[in-house]
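Per-chain residue numbering starts at 1, and chain names A, B, C and D are given in the order in which the chains are listed.
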Amino acid sequence: MKKNGYLIKVENLKKYFPIRKGVFSRVSNYVRAVDGISFSIKKGETLGLVGESGCGKTTTGKCILRLIEPTEGKVIFKDKNVGDLSNEELHEMRRNMQIIFQDPYGSLNPRMTVRDIVGRSLSVYNLVQGEKQKEKRVGELLEVVGLKKEYMRRYPHEFSGGQRQRIGIARALALNPEFVVCDEPVSALDVSIQAQVINLLKELQEKFNLTYLFISHDLSVVRYISDKVAVMYLGKIVELANWDGIYSSPLHPYTQALLSATPIPDTRVRRERIILQGDVPSPINPPSGCRFHPRCPYAKPECSQSEPELKDVGRGHYVACHLVK
Amino acid sequence: MGAYIIRRLLIGLVVLFFVTVILFILMNLMPGDPITAYIPPEVLAQAGPEYIEIRREQLGLNKPVVVRYFIWLNELVHGNMGYSVQNGEPVLSRIKERIGATFELTGTALLLAIIIGIPIGIISAVKQYSIVDSLVTLFSFTGVSIPVFFLGLGLIYVFSLRLNLLPTGGLATIGAPPSLLDKLSHLIMPAFVLSVANLAQFARYTRSSILDELGQDYVRTARAKGVKELRVLFYHILRNGMIPLITVIALQIPLLFGGAVITEQVFSWPGMGRLALEAIMQRDYPLLMGITTVIAILVLIANLLADILYAVVDPRIRYQ
Amino acid sequence: MRKREDALLKRDNLTDAEDTSTKLNIFKSLKKSRTWRRFRRHKLALVGATFLLVLILIAIFAPLIAPYDPYAIDLSAYRNPPSYAHWLGTDTAGRDVLSRLIYASRVSLLVGLGAVSIYVIIGTILGAISGYYGGWVDHIIMRIADAVLCFPLFVIILVAVTIVGPSLYNIILALGVLWWPGISRIVRGEFLSLREREFVEAAKATGEHSISIIFRYILPNVVAPIIVAATFGMASAILAEAGLSFLGLGVQPPTPSWGNMLIDAQSLTILKSMPWLWIPPGAMILITVLSINFVGDGLRDAFDVRGRAE
Amino acid sequence: MMRDQNLLSVKNLRTYFYTEDGVVKAVDGVDFEIKKGETLGMVGESGCGKSVSALSIMRLIPMPPGRIVEGEIYFKGEDILKISEVAMRKIRGRDISMIFQEPMTSLNPVYTVGNQISEAITIHQGLNRKDSWDKAIEMLRQVGIPDASKRAKEYPHQMSGGMRQRVMIAMALSCNPELLIADEPTTSLDVTTQAQILDLIGKLQEEFKLSVLIITHNLGIVAEVADKVAVVYAGKVVEYAKTDEIFSHPLHPYTIGLLRSVPRLDMKKKDKLQTIEGEVPDSLTFPSGCKFHPRCFLCQEKCRTKEPPLIKAENGRLVRCWRYNEI
């Protein structure tokens, strides 16, 4: 839509959490949760952000919305740097950026009715006049996410996990946002419920022309819903490509390991499994050079010395690995 | 662990600072001239108003509040808690006379509460919903609900006045040769009365703590290994369940001193609690101040010890 | 550290563990609203609540119920044992013990309600600020709370009362002003865990401001533990008043309070031969405090308030 | 006759919980068998009763409120529901071992991991302190923990999730059991760690000639490790067959629905996920008749009223559906 065609652009985003230690709780070190990542998403597209726990994917999502203040870097949304906004401007901006959370139990206030959970933001932004109009709008929203509008008088504990997640989606949609961060929206749900929510998210995207940042640890889910996929390891993006590129020709050894470790529910598919050695190192003292080198089966001396750049290898496929020329 | 202990120590010092601030405020709220707190009364009585004015200046009592606070603190650090209005003795020496009796009473009470309260709490938890459990629950509710003085009077009524088994009060029988039995017979009732509320608290707390641990996953693991039920309880659960109890015990100590005031009064026990009451009756503010200070510092030390003990027992803190 | 905080919270708010089976997944689906049903199942709490209801009625309608004027001195009826005319006998000044007992219930209930209302407000505000904002504000508030807790409350109240002079309202004020650390710890603990919950983040993302988040989103979730703690606190306040009055430093005669009715029992003759003078007020304190504690326990079960965060 | 081949056979197991809200029929008719050296995968969604089944086999159901109301569990030909608690305790940890979903909370936080492993060895093998400690270190080495003699002295909180689960496995296998029950052993772990752990269990299974009962909600894991699969829904086994057959030719509508609703790595972009409508039923208010009927695309009048038994289909497969042969 804008001149560069991107709705949101993240440049060199960093988030370091201080670690306080010792007698005076001095900051002795930092957890480098997100350590310089860049990507951009076009309007109406979905970028899947995938990685294991602690790789910084959730922190990335929250930094974009400034639910966490980033340490460094820019988040440019509709040509404005979100980091530079004043409180009032941020307040206005949040109408356009929303988030759906992982935990369907923790993300809804147990003491509020569905009507208030979904409708509060309408009142905050004065989008409705009076209770009647608010209820009408909340009813519409509930129907959009596949719930009955009579449910608005109920409390969260009267719903199942899948229904709660639908309420969470309705809340995110209430302000008609353009961009939604989906933070592991299905990983807490039962297998048979996951598909319902994934399909709903896809339908809503088409209907409202939404742009998603879809965060998940599950490659299969990400592959199904995303146009582009970014793989994160220890606060860095190691590979970024369109949905097919990541799966049909993964270039980074970590992506390859991740793919081979993801089980496929079919006994007819036989694959060579790559078993990585050791654990993910601590993001407090990440390894030198390429962060993956201590576990990489193809590591060379240079990998421990210099950090590979995320470079374009053609057809919008980016990879950060010394071995890929 | 070193850093942890130093950290707790520093927090203790910060708390101590606030303690002294509160004390200083109280001190200044008290009616009367603060000069009486610094100069022995006999000197005060002989000196003329000019001398007092000079001393006041020397002591800096007409300086701003902040300066006065530090003067007061300096005196406190040097053991000068002022002089008793009643008889002119230094407050510290009056407290020294009485503190032994209070330690004897509160120490015994705490010990009783621990050695009785914790085991019945354990039994109650293991036999959850049994008659024993109901009795323990009922007992512990009564224990925290009964006024100390009513219980004390009731026991005196039954054991001293009706059954003539135990003395009504005092440290020991006056005139009789000192013996352990005599001492114990005087100690048993007040110590029990003082311990009842704590005992009940410990029993309830132990019960709930053990029940909490019983539901933990590691207990299931132990059972799945084939560990005997008794070992599950005493080896696996107890250590985990007792860790939070350390804090609870430490936090009960101030309440114990509070309870001692009434208990000592009911049983004519010549401890600090009664001294505090005497001080109030006689409007002996420096003395009252001194007693409060000493107790607060004792409590602070107890908390610090509890923190250290905590680290010793819990590896999660030790290896932080 | 976590465990220590838990322990502190738990001490202020003793909890019974649920059935061990709560760990099993199947029970997660059962968390329905069952507050009232649970309270009703707690027999002792029901008994306690009934007693308290009766006591409140007695306190309100004391002038209609009491057979005599509690202040009327009748020197001819000096320390009379219970009789048809005076069901619970008369005291040293010849006043009717039963009438004094009835009027004294007003003092206890007033102290309980008054002191608790004051310190719940102070404690909730300080705890909320401490828990929500954290940082140095939290440090200072909590260290002051620690400092206050270092003093045996009973002793410090004694000191306070001697400074301001013993009276019913001073006692209420002293208890109210000094007793907040317990509740502020509970509130702080709840705020600390609730502010990390996703629904709070969601509220931020939908444009809510801090004040709205504190009052509209978090506080309603803390009401249950506050009510439970306040109930137990009421019991302690009544006990404290009784203790002070017993020592002659609380409610001053001739105003009757259950505590000061026991002052005379410090004399061994009265203790031994006139049990009607001291057993009834002592028993009233015990039963009242016990009832409140039972109700507190029932509420805790009903609200499912737990010391340890899950 | 069956006894000779089957290490474990569970027949018509029913475990109920008596709660204040009513009777929760957590397990309400579970049947399966495990032969020596075989791996059985038990799949189902949360609350379907798979974990309770496992705990019932170990006789570790908290009673009250739980109770095994019906059924037989034959282990090496003996009904272990009928033996004494003392005899059962000897079986636990020695003949049947178990590992759990949360390796953090499943280990005692105040004892070293070496200590916790050697405890089992001391109990069942009567070794002295030093020997059992050495054996514990040997076990840690076998589960691939580097620097085992040093790490044995560490506490659980000093280890990573994957390492803790290895410790659990070392503990479970320390007395050479014949059956390992793994209850969601990798659910709380990352995918790459999950691959390590599954790989490890597979290796040790051959080495120790183990039979394994693996409980999971992840169909992918079942496809990779199990020889046979029992699909559980609402406390009942609804389908029971060889793994290949389940994935190539599922018979029960629930199994079919599950397989179609899981996103797969090898999907085409155009492929659409199919969903099972409705919600996972609440164990207090199970529907009448076939428990799956409100969500079933084949539902008929009969399904609503009458519950199907476990019907024998071709190749000795079992399925709990009236209309399985119409699919």
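Quick note on the criterion: a residue touches a chain if its C-beta (ideal position, glycine included) is under 8 Å from a C-beta of that chain, and two chains touch if they have at least 3 such contacts.
Keep in mind that what you see is a predicted model, and the values were worked out from it rather than measured.
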If you average the C-alpha positions per chain, which one ends up nearest the average over all of them? C
Applying the document's contact definition, name the chain pair with more C-beta pairs in contact, B-D or B-C. B-C
Could you put a whole-Å number on the gap between the CA centroids of subunit B and subunit D? 53
Counting in whole Å, what is the centre-to-centre distance of subunit B and subunit C, each centre being its mean C-alpha position? 21
Centroid of subunit C to centroid of subunit D, CA atoms only: how many Å? 50
Residues touching two or more other chains, restricted to subunit A: which are they? none
By the touch definition above, subunit C meets two or more other chains at residues 19-21, 32
Going by the contact rule already set, what residues in subunit B reach two or more other chains? 216-217, 243, 314, 316
The residues of subunit A that touch subunit C in their complex are 62, 65, 67, 91, 94-95, 97-99, 101-103, 106-112, 120-121, 124-125, 155, 157-158, 168, 171, 174-175
Listed in rising order, the residues of subunit A that touch subunit D in the complex are 52-53, 160, 162-163, 190-196, 198-199, 217-221, 223-224, 243-244, 247, 257-269, 273-276, 279-280
State the interface residues of subunit B toward subunit D in the complex, per the touch definition above. 216-218, 220-228, 236, 239-240, 243, 313-316, 319
Residue ranges of subunit D touching subunit A (in the complex, touch as defined): 45-46, 160, 162-163, 190-196, 199, 217-224, 243-244, 247-248, 257-259, 261-267, 269, 272-277, 279-280, 295
Quick check on the complex: what are the subunit B residues that touch subunit C? 11, 14-16, 18-19, 21-22, 26, 29-31, 141-142, 144-150, 153-154, 156-157, 161, 168, 201, 204-205, 207-212, 214-217, 243-248, 251, 254-259, 261-262, 265-266, 276-277, 280, 283, 288-289, 291-292, 295-296, 299-300, 303, 307, 310, 314, 316-317
